[in-house]
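Two complexes follow with subunit A in common, the first pairing it with subunit B and the second with subunit C.
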Partner chain A sequence: MEHEKRRALLRKLQEVDFVLVELNLYLDTHPSDLDALDQYNHCALEREAIRSEYEERYGPLMHFGHSSNRYPCGWNEGPWPWEI
Partner chain B sequence: MKKRKPNPYRDQYRVWYPFHSPDDPCPPIAKQYVVPPNQFLGFQPPNLPQFSKHEALIKGTLWPIFYSPYPPKKWRDKDGT
Partner chain C sequence: MWIYEKKLQYPVKVSQCNPHLAKLLIEQYGGADGELAAALRYLNQRYTIPDKVKGLLTDIGTEEFAHLEMIATMVYKLTKDATKEQIKAAGLEEHYVNHDLSLFYQSAAGNPFTATYIQSKGDPIADLYEDIAAEEKARATYQWLIDLSDDPDINDSLKFLREREIVHSQRFREAVELLKEYQGQKKFF
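Coming up: the complex of A and B.
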């Protein structure tokens, strides 16, 4: 059951990331579109919430300072996000 | 039935028929290619309708107007959508 919850959380993170990528590309050419800007900022905050929830529960997602590590369930052990 | 004007955002496939000579042993073929919807939309207008987050990840685009599934041959019906 825990495995399913972890996968669902990762899926949510992927979905928000995809929306952020799309909006980012859109905002490159439409900097003045304030609605998209609001949506982008809102999604960025939402992503931050999902990321922190995931890392609190299952460990770091990224390296090199983008995520805090910990012991015992650090990045040395895994499972890594792509192994789930 | 009046032939409806093809909607470029839905009927993205176009067909062309290479020359088939009488001496050609193989049957004539119909080649199909996709003209993606972004060709018909110049500068993207603001506030276009959007998919939900879940659906956007599955469909591969945030805006339904750009959805271009490129279905494999066997799933395509005659006119290619």
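Coming up: the complex of A and C.
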């Protein structure tokens, strides 16, 4: 059950990240498309909200100072992405 | 620099233990048109490519590492519970005697990864055409893998990767057009 909830929230993050990577690559070759730029910045905010919800429940997604680490359920504990 | 994010780009589920399928999928891990070759190719070419394309090579190269991790996850999940009998039946004994069930950068036919799979010409058009070809070859490989696989969960992830190759190819084609415009503006030839 908890496992399913985790996967669902992760899926939400993966979905918004999919939109972001698409816009990212598109903007690399269409840098003056301001609508796409707007969409990108809008999705980046949306992503930030999902990211913080995910990290609050399941621990840090990044290290090197980009997420706050904690104990327990910190960076150094699984499951790792290939184990989920 | 790069920073790791503790998540897959797209979910990878496996219907059942299937070491034979893992043996085929390793093509996209350490094969000529696999994800490692893709990542290393673009991230190496970007240093000397014209400015307009540096961002694209950096970002696609980075995404390729996320694809590499998805392939690794498929191989790991397909083999982790394999019995010795299943390993033998899948023709994975040669892999097993060297590597146990750990992953290795090699093709499905067992050739170890080599830098000769990638090119770096310093000529932007030559490099970008190579990149477009690489994406199309990777797309074709994903199609052949989907044709041979009967694992619906794996096929879902493989289809995602196949579509990403199409998008990358498209972006590289646009990059060629950008460079043609840019070269057309240069006055010295």
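Everything below uses one rule, namely that the second predicted complex is superposed on the first by the 82 of 84 C-alpha atoms of A that agree within 3 Å, B and C clash if a C-alpha of one lies under 4 Å from a C-alpha of the other, contacts with A are read in each partner's own complex, and residues count from 1 in each chain.
By definition in this document, contacts are C-beta pairs under 8 Å (C-beta built on N, C-alpha and C of every residue); 3 or more make two chains touch, one makes a residue touch a chain.
All values reported here derive from a predicted model rather than from experimental measurement.
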Report for A:His63: first if it touches subunit B alone, second if subunit C alone, otherwise both or neither.
second
Subunit B versus subunit C as contact partner of A:Arg7, first or second or both or neither
second
Should A:Val19 be classified as contacting the first partner (subunit B), the second (subunit C), both, or neither?
first
Tell me which partner touches more residues of subunit A in the superposed arrangement, subunit B or subunit C.
C
Thinking of the overlay built on chain A, is A:Ala36 touched by subunit B (first), by subunit C (second), by both, or by neither?
first
Can you list the residues of subunit A that meet both subunit B and subunit C?
14, 18, 22, 26, 29-30
Subunit C touches which residues of subunit A in the complex?
7, 10-11, 13-14, 17-18, 21-22, 24-26, 28-30, 60-64, 66, 75, 80-82, 84
Within the complex, subunit A is touched by subunit B residues 43-44, 46-47, 53-54, 56-57, 61-63
Could you pull out which subunit C residues touch subunit A in their complex?
3-12, 55-56, 59-60, 63, 69, 72-73, 76-77, 167-168, 171, 174-175, 178
What residues of subunit A sit close enough to touch subunit B in their complex?
14-16, 18-19, 22-23, 26, 29-30, 33, 35-36
